[in-house]
Amino acid sequence: MPVLEGKELRIVGFLCNWCSYGGADTAGVGRFNQPTDLRIIKVPCSGRIDPLFIVKALMNGADGVLVSGCHPRDCHYSEGNFYARRRLEIMQKFLPILGYEPGRFEYTWVSASEGQRWQQVVTEFTDQIHKLGPAPKIVGPEASDTLSLMQAALK
Amino acid sequence: MKFQEELKESIRKALPELDVVIGWCGSFDPLHATPHFIYGEEDIEKLEISPLNVHNLATYLPGMRGKKVGVVVKGCDSRSVVELLQEKLISRDDITIFGFPCTGVIDQSKVKKAIGYVGNVQSCDMSDESLVVVVDDKPHSLKLSEVLAEKCKSCRYPDAIISDYFVGDRIAKKDPAEPNYKELEKFEKLAVSERFGYWLKELDRCIRCYACRSACPLCVCRDHCIAESRDPHWLSQENNVRDKLMFQVIHAYHMAGRCTECGECQRACPVDIPILMLKQKMNKEVLDIFNYEAGVNLKDTPPLLSFKMEEENITEKDW
Amino acid sequence: MSTKNLYLPEIATIQEVIQETHNIVTFRVTLNNEEAMAKFKFEPGNVGQLSAFGIGESTFVINSPPTRMDYLQFSIMRSGEVTGKLHSLKAGDQIGVRAPLGNHFPYEDMKGKDIVFIGGGIGMAPLRTLLLFMLDNRDDYGKITLLYGARSPLDMAFNYELEDWLDRDDLDTHLTIDAEFDGWEHEVGLIPNVLLDIAPSSENSVAITCGPPIMIKFTLQALEKLGFKDEQIVTTLEKRMKCGVGICGRCNIGTSYVCKDGPVYTGAQLKKLPNEL
Amino acid sequence: MKIGVFVCHCGSNIEATVDTATVAAAAREFPGVVFATDTMYTCSEPGQDEIVDAIKEHNLDGIVVASCSPRMHEQTFRRTVERAGLNKYLFEMANIREHVSWIGKDREANTNKAVDLVRMASEKLMNNQPLYPKKFTINKRVLIIGGGVAGIQAALDCADGGLEVVMVEKTSTIGGKMAKLDKTFPTVDCSSCILGPRMVDVAQHPNITLYAFSEIEEINGYVGNFEIKVKKKATYVDWDACTGCGICMEKCPSKKATDTFNEEIDFTKAINIPFAQAIPKKAKIDPEFCTMLKKGKCGVCAKVCPSGCIDYEMKDEFITEKVGAIVTATGFDLFDWTVYEEYGGGRYPDVITSLQYERMLSASGPTGGHIKRPSDGKEPKDVVFIQCVGSRDKSVGRPYCTGFCCMYTAKQAILTKDHLPGSQSYVFYMDIRAAGKLYDEFTRRAMEEYDTNYIRGRVSMIYPKGDKLLVRGADTLMGTQVEVDADLVVLAVGAEASKGASKLAEKLRISYDSYGFYMEGHPKLKPVETNTAGVYLAGACQGPKDIPSSVAQGSAAAAKVLGLFSKDQLESDPQVSTVDIKRCIGCGKCIQTCPFGAIKEIDFRGMIKANVIETICQGCGICTSTCPQGAVQLQHSTDNQILSEVNALCQF
Amino acid sequence: MTLVKYLKSTDLKSWLAELAEKNSVFAPRYEGDSVIFAPFDPEQEIYTKSAATVPPKKTVFPQSEKLVDFTYHKDPENPGKTLIDGKEVLPQGTTVVFGGRPCDVRGFSMFDRVYLTKETTDIYYKARRDNTSFITIACEFTESTCFCHWVGSSPSDPIGSDVLAVPVKGGFLLTAVSARGETLLTSKLLLEGKPKVEEAEEVLDKVMENLGKAPDLSKSPGKLLEVFDNMEFWEKVSAKCISCGTCTYLCPTCYCFNITDEIQGLKGSRIRSWDNCMSALFTMEASGHNPRPTKAHRLKNRVGHKFSYYPDLHDGIISCYGCGRCIKSCPAGVDIREIVLKAIEFMPTVVEE
């Protein structure tokens, strides 16, 4: 089932199991309303996230990617989010050269108790992606397939 | 070159203790050089030092683990050696480094552009300032500065940073002290859709030969690159520009904080795709965020393999 | 020129799955197209490419004999992605089959001779097709000896027919394992050593051997000691294969393409090939 | 793979905003899914039975349950599929309650999202592999780090339970902070009378090996099999021979050594035994003050020692101990209050800490239990106690409440009156926190029976006025300014993590908060566990605690250790990294980044390869995202599993 | 009588535009700094001076093509029952390739002997081969990497082509060298060619003269087998090889491929893509065993295949047409000519007993 045409954009979240996934659960338990665009992939630790997953998601058609882990120093594995912070930061700074607007990908820290913060993060990020609109998509085998679509869109 | 004979002498001295020394010699036409493997006395004479020696010979080192290898390096190549040593991909005890003052190498694409057709080069005479290339009996005079590789124009490490033998007089560090990212910065100013379209158009002609990776001295996965593996299955074998671009992102990211910008990826590309820019972008950010440059200090750790509890230059989004 | 699509597999249904050992399963399959199944012809030693669609193809010998055509039997040892996927399939699931491919055992040339089969581990699979074929044409051949070895009884495939083979009067069956094992009543020892103990005569004989490279190496030495000449030895080779029809270019040893010109080679043929196993 | 999908209504919790029947119908179209249904309460007994039956009936070898958060019921369903004979890792959950039905009311969008989450789960499941735990034997010895009351309790409980205990204490005596106290609240009984016998028990217990004046140098290994390197710091006294007679201390001419046990309200000798009841009661030389060690002259102690145990050449010694579990009970230290300029920043001798006051009150202390002003040795009349010094104060980076200061201040006010009946105590406080059995009654006694003047408000300034200190503060209840001419000011200084706690945490590979307190496994349910298997917490190292809480935690940690050791073998979590030896090129990047030291270099047929020690690996996956060729894969979160989830979301 | 026509350079684009009405037309043009074959675009300049960076191999043998599309069909009544169907995906339409060189186009004759034999017909290859015409430009210049004359070809070799275009002043002399070629030369834009025949011949003579004398490679099949087991020889000649695939992917005669599956959900494809014998993965078996474990083994196979095995199987025809791309584009300067000559000259050192 594709995203709800016109209503939703495709937003992928990578959340660490110990803090942010729990934070999202806490938000759920607290019935904190959130936009429906985001789909969450659970990983054990933000340090597990290869930044290339983010690129893969974008190139495969995601409009936005959100990563969330434990606050620095609170990592369940003590160091995972410190590595993650460096790697995610560098990828975030890199993406614009490929033609993805800054803001398509964000990362943040949310603890298991911060349900409200999670609600805020999801709401703001979804809003941010909707403001940017759909991300450029690569279609078809040849560059011309995509380029002609892009040109058509400009007209 | 003045110190060529001196270099040969050093190699002659070191060779008995070594399995092989890697340098350069002439190739299929006078405009090209090729890596030259010196196994014995008889191979030494062919060695030539010239601005045609584009190849970064450090590329061969990780594949020769366990052998005693001598390697002749330009300043930029020596940074690859440093990075390899730093990552313990080669052992200092096994390699002997021959350094010399490098005044820059020639970019063949620029020569091609300047002359037009270089299929049949009959001779190529080089001086400090210029070169005269004779193609089909017609001489073409070119200023060296016009055809110098881009990386050489802003070179900050003309002398090998690490060497066991250094021949010739060291060149003092040239200005500018900061890497030159002017072209990159120009590109970054384009509209997002233009940037996006640019890469698709450029990567479209990629033939997935992966010479970019094979020529990279720091692509050490070699036979186990994830470009062709199914577990993990990052890329499909389908003919699509998406996977071609994805591979370049993978390469750039795997090089983040490790790339010394030797430019071999782009030079090796048989269809001249400007992929170095992606690595430059990564390096620019690495410098910005971590104040780090790869292959300069033996004791460094690549920034993505380490961390600080407090990162001075990372400002996280405030939600 | 043929207009048949070399790469389009026949869809087949797995009728039965037999878990042979912890890492070997056997599929009994029939082609979905009944006409194709009825017309299907092959020779002992021919191989087939099995497809797990979405993962890929891998080569296996057809180890049932052409004399028993209720189904085609393939035994699959788990080693990579395709075999991993095949191992997860169950009866009723569908796979693709491209067969027959490759050459076959020169069974015509073996008529009237004594036959010695020497199989190690999964190497028993290619021997099985020829063994059953010969048993089904028993009068054409002289004495038939089978030596089948595996690391342990737990690694021994085709358990369900070993008893029958042992019981037969017209087949001299020897089973061996590498090391002592509780309850094992047969021989213990490495195949080449047991072979020397059995010491089949080389006179008017053919030895057919298949198994892991190291076993082959020492078995060939043992056969030489027993007086077998290169022409009297037949073995099969394995290579990474893709097309199965001698085009894609990876399985060659010099001029010989294992997928098309093999997998069956005599000792004499092997000696003529460049040394690139 | 044959997958069964169960979409849970959770009563109306999910069904109210997600059309579960539609989700199940959509799931039937997914690759591999051969059975899909919606159920009322999947976690209920009939719900679970339905899964078991379906596995049998449809020959399923993978299960997806779309219901609540896996943090809620993943374990439950894993047991269910195991009951049906499936490996428990051939199971995935889609969280359609906390992440879908509870956070939005748009039924269409929710249903659509739930379908996506189920697709993601089933695509991942197709890449799952059965995983099996490995069994390994354990060394049933326990290391206790810190010999305060929490550590002592843990050690004795473990030792009484039959375990061999190794206790490492960094000072030359056990007893910790409690040994310095005069009396304890709310019973006002003698601290050393309660603790002393427990300390003796430690010394005499056949199962306990005590290393005092020692520190942890290195910790290797994993739960069940730790290897500890202990540094026995040089004491310059052969403790095997020392009888603790104290002659050396008596004769030592160097009298200006720092007396840490007495909180530096007096000096001690360069060779000293901290206090009379010290365990072990052994002398040690403080090299900073010993003229023999500094200048090579003196040697008095060696001359007078009847057992000849002085050894000026002594060096630090390293001992290796093998244990199966570790209890950290490193306690707390006091906040450095001298940052408070308004209290004089340490310049006024008659402004002291509560712990210094405690030593002054103690009969075995340097003043012999007499309250004397440090400046002139006079008995004070007006004593001011200031609460919350370095507690509940964001301006000094200590926003938390130390928790026990209210109580000991009340105790000290009472004791002041007992010692000096003519005295008057004043307490400046923010709130009275007296939540504990008999606690509130105790503070009331201080106010009502002992006439302590409790003033709710902060002190803004202390400055000398003649030989007194003028304490100026606000009385926020009266809305007035208060000034007290005090003879002595006692600061209730807050607790912080003990010095070196963070360094030790790094060796233990456990997490700590920004104040250096160790992180428990779960704030409610795992108060004494850490996230590193086999490492437990007791006492104030986890956060400020009073004596009963510390003791309770000591016992709790001991119970955990005894529980752990009740099995002869442990099972390791199979969700760990494994190395594909064929793909590994031995670059060592994984080794470099592993926070647990779980990856080691091995030689494989002459090639360097990485190897994961399954029992050490905690399953974070940093190695997997570090390895450029994907040779190290974290089981159950492999690249292919995550990629299949990404693809499931992005390519449909 | 052979059909000859004259095409003015200025009419080239119009002519190709005419051809593009019924065919997809490929022509060489600059993309970045390299010349590649791309769908004809009247807006872009066509490059005709020398051989393209990448040969037009992909027009008949694409870098990656679908062989089979397969679908898992679920039985709506019983989701447990899944049927698979696999459909062949055959290429459609006709193609005209303008601007290949004789060495590029003759390369396909090397494919033919393998892909179109009596027993095996690769119908995908055949479908493209039968429907692709080549208008080949004979070489007016030679490059230092050219050695077509060593391997039995020449700068005007018509094998595999339909029309041969010889550069003459102001345009090209077009000669139909196949029946299909004649049908391509019907445009009104083309002028009578006879007056230009002589000039064209002169051009070709001059080129041959420039190429010089070719060494005798007839002994290469035997000599390469002789040095087969001399690993020191192969290690030395392969030392500078970096094991990339540039030589194979740019080679007009390299025909090896890989077959892999890709699947999304219930639908997927079986894909054939160019493979590269210089990669260790080419022969790596699932067990981890690799019969060609080092680059020396692999380069030996590449040279051996072209200069020994193929000629042994196919009437002595060397499966290299001397385009020289593997030399020119090799990032490390490996020169296949040098290796073959070294093998031919190689004298095994006789060890005295």
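In this document, chain identifiers A, B, C, D and E correspond to the written order of the chains, with residue numbering beginning at 1 in each.
One rule holds for everything that comes next: a residue touches a chain if its C-beta (ideal position, glycine included) is under 8 Å from a C-beta of that chain, and two chains touch if they have at least 3 such contacts.
All values reported here derive from a predicted model rather than from experimental measurement.
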Chains in simultaneous contact with chain A and chain E: B, D
Chain of greatest Cα-centre distance to chain E: D
Furthest chain, CA centroid comparison against chain C: D
Contact-richer chain pair [B-D vs D-E]: B-D
Most centrally placed chain, judged by C-alpha centres: A
Centroid spacing, where centroids are CA-atom means, of chain C and chain D in whole angstrom: 63
Rounded Å distance between chain A and chain B, as computed from the means of their C-alpha atoms: 35
Chain centre separation in whole Å, for chain C relative to chain A (CA means): 52
Averaged-CA centre spacing for the pair chain E and chain B, given as whole angstrom: 30
Per-residue overlap in chain C, given as positions that touch at least 2 other chains: 81
Contacts with two or more other chains, residues of chain B listed in rising order: 204, 222, 230-231, 234, 238-239, 304
Of all residues in chain A, the ones touching two or more other chains: 51, 56, 60, 73, 79, 83, 87, 141
Residues of chain E defined as touching chain C within the complex: 67-68, 70, 72, 81-86, 88, 114-116, 118-124, 126, 225, 228-229, 255-263, 268, 270, 272, 275, 277, 282-287, 289, 291-292, 297, 301, 304-305, 308-309, 312-313
Residue ranges of chain E in contact with chain D within the complex: 72, 74, 76, 79-80, 264-266, 288
Of chain D, residues touching chain C in the complex: 1-2, 59, 61
Touching residues on chain D, where the partner in the complex is chain A: 26, 69-72, 95, 97-100, 102-106, 108-110, 112-113, 115-117, 120, 505-506, 509-514, 519, 531, 575, 593, 595-596, 618-622, 624-626, 634, 637, 639, 642-643, 645-647, 649-652
Residue numbers on chain A that touch chain B, as the complex places them: 51-52, 55-56, 59-60, 72-73, 79, 82-83, 85-87, 89-91, 93-94, 96-101, 106-109, 117, 120-121, 124, 136, 138, 140-144, 146-147, 150, 154
